[in-house]
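Quick notes on the structure that follows.
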Amino acid sequence: MEIGLNHYLVLSTILFAIGLVGVMRRKNLLMLFFATEILLNAVNISFAAISHYYGDLTGQMFVFFVIAIAASEVAVGLGLLIVWHKKHNNIDLDNMSTMRG
Amino acid sequence: MELFLYTALFSPLVGSLFAALFGASPKTKIAGVVPSIMLGVSLLSSTILLVLVLTTGHTIHVEMMTWMATGNLYIPFGFVVDQVSVTMMMVVTLVSTVVHVYAIGYMDHDKGFNRFFSYLSAFVFSMMILVMSDNFAGLFIGWEGVGLCSWLLIGFWYHKESASWAANEAFIMNRIADLGMLIGIFLIYWNTGTLQYDGAFAAMANLDASTLTWIGIFLFVGAMGKSAQFPLHTWLADAMEGPTPVSALIHAATMVTAGVYLVVRANELYALIPHIGLFIASLGAFVAIFAASMALVNRDIKRVIAYSTLSQLGYMFVAAGLGAYWVALFHLMAHAFFKALLFLGAGNVMHAMDSELDPFKMGGLGKKMKGTMIMMTLASVALAGIYPFAGFFSKDLILEVGFVEHHYIIYTVLLFTAGLTAFYSFRIVALIFHGEERYKLFGFHPHEAYKFMLVAMSPLLVLAIIAGSFKMTYFDMVTYVLPATEYHVHNHLVYWIMTIGTQLFVILSIFYAYKKYTSRDVKVPDGTSAMENSFKYKLLINQYYIPYFYEEYLVKPYRELSEIFWTKIDQKIVDATVDGIANVFYQTGEKTRVMQSGNLSTMLKWMVAGTVALLSLAVVFGLAARHSGEIKIFLSGLGV
Amino acid sequence: MFEAIAFYLFAFLTIAMFYIAVTTSQALYALSSLAAGMIFISAFFFILGADFLGAIQIVVYSGAVMALYAFGMMFFDTTRDVKEKQGNKAIIIGLSVISAALVVLIVAAPIVGNNIEALYPITEGAGNTQEVGMVLFTKYLVPFEVAAVMLLVAMIAGIVLAGKKMDLSLTLMNEAEIMLMKEEDKKVLS
Amino acid sequence: MLDHILSILIFFPALAAMLGFVVHKDSMRAYGTAVATIEFALSLWLWFVFDANVSGMQFMEQIALVPTFGINYIVGVDGISLFIIILAAFFTMIGIASLGETKDVKNMIITLLFLQMTMVGVFAALDAMVFYLFWELSLVPMLYIIGAWGGPLRIYASVKFFLYTFAGSLVMLVGMLFMAYFYYQATGEWSFAILDWYRLILPESFQIWLFVAFFFGFAIKVPMFPFHTWLPYAHGQAPTIGSVILAAILLKMGTYAFIRFSLPLFPDASVYFMYPIAILAIIMIIYTAMVAYAQKDIKQVVAYSSVSHMGVIILGTFALNVEGISGSIFLMIAHGVVSGALFLLVGVIYDRRHTKYMSEFGGLASVMPRYATIFGLMLMASVGLPLTINFVGEFLSLLGFYKQSHILTLLAGTAIIVGAIYMLAAYKKMFFGVVTKEENKNLPDVNKRELIALIPLAIITVWLGIYPKPVLGPINTSVESVVGLMHEKAITKEAKSRIPSIGKDIKISRNSVEEAH
């Protein structure tokens, strides 16, 4: 029972699908951020796995940068969230429809 | 000698430009005098050239400069003075000089005096180009140039609706014919490789008959327009809206004869295709009687003379069509003199009668206008063809040509027309100058024209009388370039019977007309007499309903079709299709806009849906790439 | 064998945690399970020999990110249930499953991966952190610096955005002042 | 300087336009006139130093832009493009000089100068990509002119103009990319240079597809029936200056491109499509002339007459012989001068009465005699009277096409009839009759500023009508090489027989190709 690359990729895909469910299902902005983090992490796993199985460090580098970006995204995102919350007193996605076409 | 050629050609242009300088300013005598002098110069130069050609037999051929040159095409501004063109130059310059001088008096009170002379001289210039050019393209320049000037001059009194309408009609009708001419020129170019007369005619001898026939037909279509042959004749009568000197110069003496000139110039071509020549002659004979019949009843002196012109053009085409080119040219010349004289006389009458044109409202004017009466009577005699006036020598010659060439139907038609001609000519002479003084009823105060106008007309009078005596000199001259066929009835008895018979017939017609229209019974027609209600009269007075037919079945449908093209096809179909295509995109956007609800959650769902779609595509293409071989086999199995 | 057991164990744990994170209606549960999931993910990094990344993962996510989240959640009333209108569940699940299946199909296809060559091969005999450091400070130096700047910018942005009207403190204000403020601007605080 | 004269001609107006932003509003008119005059003088100098005996490209410049894909900035001029460039400079000059009182003169002049850059660029470009760039860029200033200074429907008109022509050009772009790809396939090198493409002989089926792709771009620009409907709107709504430039220069891009691209690149396809295109051209001539006759608005009459005349140009182009193509190029210039002048004339009356409906006028000949005279001259030029500029072009175009088809030429020849009908009818409605409207009784005649624009046009109209040789000569030399090239490249028997061979040595164009590299 050797664990191969495909195992990791399938795992990554499942996590990604969970993330997608979260992204689509959640109506709360904060929860949406959670779901996004799941998506990012799902991808990170596949990067790390590919990096490992091909003996190439590029994947790990990518993971590194993805984490960095995720961190800054959270920082800015939360800031915006707070501003929004201060202004509208909620963080419900259904209330955010100023971009109606 | 080139100097004289250029002087003859360009002095009218100088005169025209000079008058044009005063175009916008109020009437200045000098704007009329200078163009007249310039025309005198042109006449002098033409005379010198004539003498030169006459005495030495030399022709002058110059090439001024290149006009168009591209590919194998080479068209210069080339001019030739040979026996034919010098004849035309003489006619043109002489008549136009007379008309210019006359017009100084005639247009005396007109606001557009300066403009008039500018146009008139420009016309002469165009006409000179037309007759002097040594190639078809140059001919076409003059051809269109005279058309332009004719448009300007017919519509000279542009404030009159009828005048501007007639001008446009003339221009457009001429354009229809010009298209034929243009096509003829194209045919000549692609078949002979040149548009120079000498080169083209030389090459034509080697062409096959059908090509030549087409060339002949198309060129003649051009001639039909300019010379107002049936069915393009209606513009000529309407063109009488222009000032009378214009009618005299353009619509009697010069421009309308351009068609005849073209056929004469292209004699080498038409000699090769006698069947077309016969067609031309037949059409000419038809037009001669057709126009004469309309002249019988018309109640507008200028229109009567116009129909008479048309009829005489028919004569010329008979001669030209039957190969008697020199006869045609001779009649053209003689006709120019007496017809211009007739028109100018009519101008005097109009002047006296405050532009009244109905001869029934005149009568007895002879007492007040003796000079004019004499001139018009003599011109009418010449037109009728009484010995020894000019018309006898030229017109009877055409009858002889018809007889000698054994075209007896044409001969009979022309003979009969000669009688008609005499009748209608003297009908108006009688109505205007003799009989009761009916004008008094309408309160006119006629007066004779200025002396110098009459003096100006006198050269024409002299020529109308004596032109016939130049016949032999003329024959000797032009037969350098034209076929020198003599037309004599060999049997002396027949000859004398014919001549005297014709003369008697004509004289009888004159007397009949004179008697009928000088009687005391002549009344101003009021539409009640039995004659006026007869079908024949109505048919003739309405010009065989041809203008009506054109208006109803050509002009109106064209106008309506245009309207339909614009409102229905252009806007409703073509443009609507374009807008429809644009609308598809617009509506798609409108519809799919709903997707963009602005709700982040919904949009995320769409995003995922899009991802799924893209992923599916990737899978499908991946599979297709992997299994392309099998797919091909499968598809070929299906017969695709 | 050990590797397989570890993989399946952590796989189960991560999936479970994340599943809770996206389905629970309690914000606190979601937060906690997310944090747990993140830590379990680091286990995969360790299994895969990416020790450095594993460490980073723990530090960044369970440390920094979770702290941030917690910080953020303190602003909101976390005790309250997150009320969520549920849309069509079938679509959500369907889309997710289809996309997952498609991705699996793609990655499972042998066309991928047969011809990949290592750009920066792992050096034998050097520790993972060392290798990472070598690559990071040579080939990826510029992106690394840019990332650093980006983090700084994000930090400042977070402070500025979240810090508006930070100078008022509800705890230091008395009831009257709070009421007055609510009168003035009802939207300021919940 | 001579080596870079074309680049100077292209970019000088743009540079001047940039500087124009800092020029004061009141002195902008003088500044614009000065710039345009310098540009015109430069273009005249170009003509002066142009060697009329060389059929190939002259004053070529080459700068590599994207060497990997063979995209270079190549410009050059031959007898075909030379006069259109001069015309563009000329019209910009008189357009700016005679600019009436409009709002925002400064921006208008800046826009015009930018437009001039794109126009000169299109006609000088010898690289398909550069050509395409200028081709598309030219839409922007025109969009701006119509959209900002136009009539009540200006937004609709400008958007329609932009989208319609843009859609066509995109198809053309695809064609260009394919052409470059085929070139790559054939030679192993990428190149977008037109002169390189000239050497490529394609199989007939490829030619047909590429011809169609290019055709859409060009036909919409010309505009050919049934793609013409943007034109009446654009003209109807555009300000005078916009209509003048549009009619005089921008429309010529389409016909010019036919001669620059379609004919030499796809000789067999050109022969293949000769009859369909000729039939379209004839529909253009007759149909739009009739539509013009039905118009109530004098500007629309002139707009539709433009379409009608463009039909003759297309016909001449597809005569595929020296006479026809030379004629069509000459007619491009002629039509530019005449329709430009007619639009200026319409602008004159519009400035005075703020209406373009012919029923509002009548009897103007007595009120504005000078205006009526110039209008009459241009009218006669428009209907193709000999000794005016239009006749030379129309005569040669029709003469050329007569070689290909007699019947079609006869039908196309009705242009001289239907043209006369709508023009004379319009002239009669506006100028003849008595003055009925009170407000027309005291209209001032053309003033000095308008005469500055109109008199040169009138002079050119007559001068080139009488003596077209200075223009026709260089055109003829270049066209001969194009026809020679086409004959040599043609592969089908049909095309070989339709396109006449030029006895002369056509090596010249080959040499210039080599010089380019």
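Labels for the chains are A, B, C and D, by order of writing; each one numbers its residues from 1.
The working rule: a residue touches a chain if its C-beta (ideal position, glycine included) is under 8 Å from a C-beta of that chain, and two chains touch if they have at least 3 such contacts.
These figures come from a predicted structure and were not determined experimentally.
> If I rank A-C and B-D by number of C-beta contact pairs, which comes first?
Of A-C and B-D, it is A-C that has more C-beta pairs in contact.
> Mind checking the centre-to-centre distance between chain C and chain D? Centres are C-alpha means, answer in whole Å.
Once rounded, the distance between the two centres reads 62 Å.
> Roughly how many whole angstrom separate the Cα centroids of chain A and chain C?
Distance between chain centres, rounded to whole Å: 6 Å.
> So what's the Cα centroid distance for chain B and chain D, whole Å?
35
> Between chain B and chain C, what's the gap in Å when you average each chain's C-alpha atoms?
95
> Hey, what residues on chain D touch two or more of the other chains?
Not one residue of chain D touches more than one other chain, so the list is empty.
> In chain C, what residues contact two or more other chains?
In chain C, residues 87, 91-92, 95-96, 99, 103 touch at least two other chains, as defined above.
> Tell me, which residues of chain B touch at least two other chains?
601, 605, 608
> Go ahead and list every pair of chains that touch.
All touching pairs, sorted by chain label, are A-B, A-C, B-C, B-D.
> Which part of chain A faces chain B closely enough to touch in the complex?
20, 23-24, 26-27, 32, 93-94, 96-101
> Using the touch definition from the top, list the residues of chain C that touch chain B in their complex.
Those residues of chain C that touch chain B are 87, 91-92, 95-96, 98-99, 102-103, 105-106, 109, 111.
> Which residues of chain B touch chain A once you look at their complex with the stated criterion?
So the residues of chain B touching chain A come out as 593-601, 604-605, 608.
> Quick check on the complex: what are the chain D residues that touch chain B?
For chain D paired with chain B, touching residues are 160, 163-164, 225-230, 287, 290-291, 293-295, 321-323, 326-327, 363, 365-366, 369-370, 373, 380, 383, 385-387, 391-392, 395-396, 398-399, 402-403, 406, 409-410, 413-414, 416-417, 420-421, 424-425, 428, 431-434, 466-469, 472-473, 475-476, 479-480.
> Under the stated contact criterion, what part of chain B meets chain D in this complex?
Against chain D, chain B makes touches at 23-24, 65-73, 137, 140-141, 143-145, 148, 151, 155, 158-159, 161, 163-165, 168, 171-172, 175-176, 178-179, 182-183, 185-187, 189-190, 558-559, 561-563, 565-567, 569-570, 574-575, 577-578, 582.
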